[in-house]
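One structure is given below, encoded as structure tokens.
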Amino acid sequence: MDRVRVISKGPFFFGLIFLVLIFLATIPLYVQPYLVILLTSIFMYIIITVSWAIFSGPTRYISLASAAFFGVGVYTSAILGKAFPLSIVVIAGGLVSFVVAIFIGLLTLRLRGMYFIIFTFSISELIRNFLLWWETNMTGTVGRWVVIVDHMTVYYVVLVIFMMALLTAYLIKRSRFGLALRSIGEYEEAATHIGINATVVKTIAFAISAFFMGAAGAIMATKWTYIDPRIAFDPLLSFMPVLMAIFGGTGQLYGPVFGAAIFAYLEEILTTKFPYYYMLLFGSILIIVILFLPHGMVGLVQKWRKGGLKRQNANT
Amino acid sequence: MRILEGEKVTKHFGGLAAVHHVDFAINQGEVAGLIGPNGAGKTTLFNLISGSLPATAGEIRYKGEKITGLKPHQICKMGVARTFQSAKLFAGLTVLENVLAASLFGTKRAISVPDAEKEATELLKFVELSTVGAILAKDLPIANRKRLEVARALATKPDLLMFDEVMAGLNPTEVPQAMELITKIRSKGITIFMIEHVMKAIMSVCDRIIVLHHGSKIAEGTPEEIATSKTVVEVYLGE
Amino acid sequence: MFVTILDIVIGGLIMGGIYALIAVGLSLQYGVGRVLNVSHGEFIMIGAFATWSLYTLLGVSPLLSLVICGPVLFIIGFLIHRTLFQYLRDKSESIGAFADSSLLASFGLLFIIQNVALLIWKADIRGYSYLSSSVSILGAIFAANRLVALLFAVVISLVFYIFLTRTRLGKAIRAAAEDPPTAQVMGVNIHRVLAICFGLGALMAGFAGPLISMIYEIQPTMGLEYTIISIIVVVLGGLGSITGSLIGGFILGLIGSIVTYFDPGLSLIAYYVIFILLLLIRPTGIFGK
């Protein structure tokens, strides 16, 4: 057991991460643009999933509001993009989502379980449908054009957001704030009785997770160049992080990252190679995963680790 | 000094009065007991005091300050802690983490993580759980779960500690150990208010006992007075 | 003026009747089976499209299709629960874990069923004309098919209500909904009851689909909206209350009809707003405990 721990936390581990980051940062220089764009998409999914897991992982409040926060970022970008530089736009996208999340959080975080899930979904859908109606009836034009940004810049911005989201998730996990979140997820009533202000803690975590989703939305808008409420607030964006996080397994940091990476890559392949069948395959994979991998990939890894130790001990 | 007092405390659930116009007072430093048949409203009263439930009417004061209407985390920070009938532990966290969380958040003063860890470790020693610090709370046997809840409650540095049937589910050897723990806690100067069904324990450890029945207080006094009270005996025999 | 009001009211009842049916279906699946079946709308869609195919290809009356689709979907729903959801239930460590995994499994079903429909019927909007002659009631004019749909919806709801309150199986179901462990001790075969409930939910979808296809144009992507409406009605009526779902359906239908009178595009938005307000102010709904 101790040996495995050392490998996880020592300088070796951080060195590895550093190398991976250097690799990711230099990829665009020697690889086809198509691959860069693909990677950008994959990172977008990872960001949304990791951000989602910042709040929903420890607290076990399954949020289906990801589309709302992402979409708010998209629209912020569309509205501000012509007047402000990219970095401001991306941060603004994050901040607006942050504020929206605080508002929504204070409203709804007293709802639990299924009610919370459907409430968050309803908020997303309400915003989507309302904007669609507004644009159809009030402004006459549905959708907006967004300032174009070249794919290399988009990639690097997405990479930066990804690193920051991951870093934030890591820091929170190891902090007392993370412990408070997990306590709330384990037994909220007991958590309030040991002095944790659950409402404030949940709202802040919810808002932090929304920030990264908003920032991601803001930059992805520039990649798509044309956006409308159906694209920006696509409900699939709310379902995906849940599926990816569960596929990858919550509890460990790498779970959502790998889950999202594999899922996103799978989605890319399926939509391009089997455009008529991809939902079918997707749904089937989902069901198979739930049936046989209830703890996601993390569960699989942990089982493998325990098995490895058994073999180790058997040999001594 | 009265550390806790309640005036006409009432709680209605729909049409049912779970607690009805209960007046009570707990003095600082004493061990007070709360007994009554099942459904008498004891846990409900605790829930009203700790802030889990809002009171329908009446007022509860802690150290002279009104606490009815405050949220549980605020009441906890003021110095009131409690355990639950079915130990509400953080099952997926380790034993140490359970107490650590309480050390970090249970008081108004800021505390560093290393200091909180030290405190938590001390408390685990106090309740004799030092050896299982790294085990997940869900893997503990019942007697240790109770000890863990006690340690967690103590970590919030309470002046008033409320036990809700802390002895329930303990076997005959574990009950005296629990009583010993209560005495140890009392000697630290902490006031104790306990709900209990194990009569032997209540009678030997409490200075005063309050009796509830159908949500109302029907008797109050020393253990001898309660044991000889006709009303109380009838209520218990009649059940 | 009166005619307009009558128009709105009856229009609302027609829609409400369908909402009531689908909400009762979802309520059984969630209230008893504890499965929030997000693929409920897909079952409705299948019922609608099967009816369309049967009518346009074989000339089978939608009302006959209704009698076919209902039971067929019941069997399919029963089998799906017996295999997939039963397995998940047995393997889940806690109620919460089962809620999560069953929710995800039903998402999987959603994707699969919708894709299958898209493969068979393509993405186009379909419709057909059946019993479209006009009927006049007190001055307001309605297509006959709408009135027939309303009639069927009301009749089915009543029959079902009687089934739940008067028959042994119905009482067993309600007992299982209230208190599963006790029901089991009393001899109720919980596993079978749960599967039947899930099947009954699909039955309702199998009835609603054909009725919807008679009145509206249909699309393979129509399912999600109906699922959402079912959820809203179930919460509005109160989780666990079948009566609530029935009445809630009619209430929502009426509201939808009123809003549609002013601006058709706003009805779904109105539903969401009501839903959100409901969750904030009175999550237990009208009849909920």
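By written order: A, B and C. Residues from 1 in each chain.
Going forward, a residue touches a chain if its C-beta (ideal position, glycine included) is under 8 Å from a C-beta of that chain, and two chains touch if they have at least 3 such contacts.
The structure presented is a predicted model; accordingly, all values stated were derived computationally and were not measured.
J.: Need the graph distance between chain B and chain C over the touch network, please.
T.: Between chain B and chain C, the shortest chain-hopping route counts 2.
J.: Which chain is most central here if centres come from C-alpha coordinates alone?
T.: A
J.: Write out the two chains that share the greatest number of C-beta pairs in contact.
T.: Ranked by C-beta contact count, first place goes to A-C.
J.: Report the inter-centroid distance (CA atoms only) between chain B and chain C in whole Å.
T.: Taking the mean C-alpha position of each chain, the two centres sit 48 Å apart.
J.: Averaging over Cα atoms per chain, report the distance between chain A and chain C in Å.
T.: 33
J.: How many angstrom lie between the CA centroids of chain A and chain B, rounded to a whole number?
T.: Chain A and chain B have C-alpha centres separated by 42 Å.
J.: Going by the contact rule at the top, pick out the chain A residues touching chain B in the complex.
T.: Interface residues on chain A, with respect to chain B: 176, 179-180, 182-183, 185-187, 189-198.
J.: Which chain A residues qualify as touching chain C in the complex?
T.: Chain A residues touching chain C: 60, 62, 107-108, 111, 113-115, 117-119, 122-123, 125-126, 129-130, 133, 136-137, 235, 239, 242-243, 246, 276-280, 282-287, 290-291, 294.
J.: Going by the contact rule set out above, which residues of chain B touch chain A in the complex?
T.: Within the complex, chain B contacts chain A at residues 50-52, 71-73, 76-77, 81-82, 84, 88-93, 97, 100-102, 104-107, 113, 116, 152-153, 155-156.
J.: Touching residues of chain C toward chain A in the complex: what are they?
T.: Chain C reaches chain A through residues 36, 84, 87-88, 91-92, 96-97, 99-101, 103-105, 107-112, 114-116, 118-119, 224, 228, 231, 235, 263, 265-266, 268-269, 272-273, 275-276, 279-280, 283.
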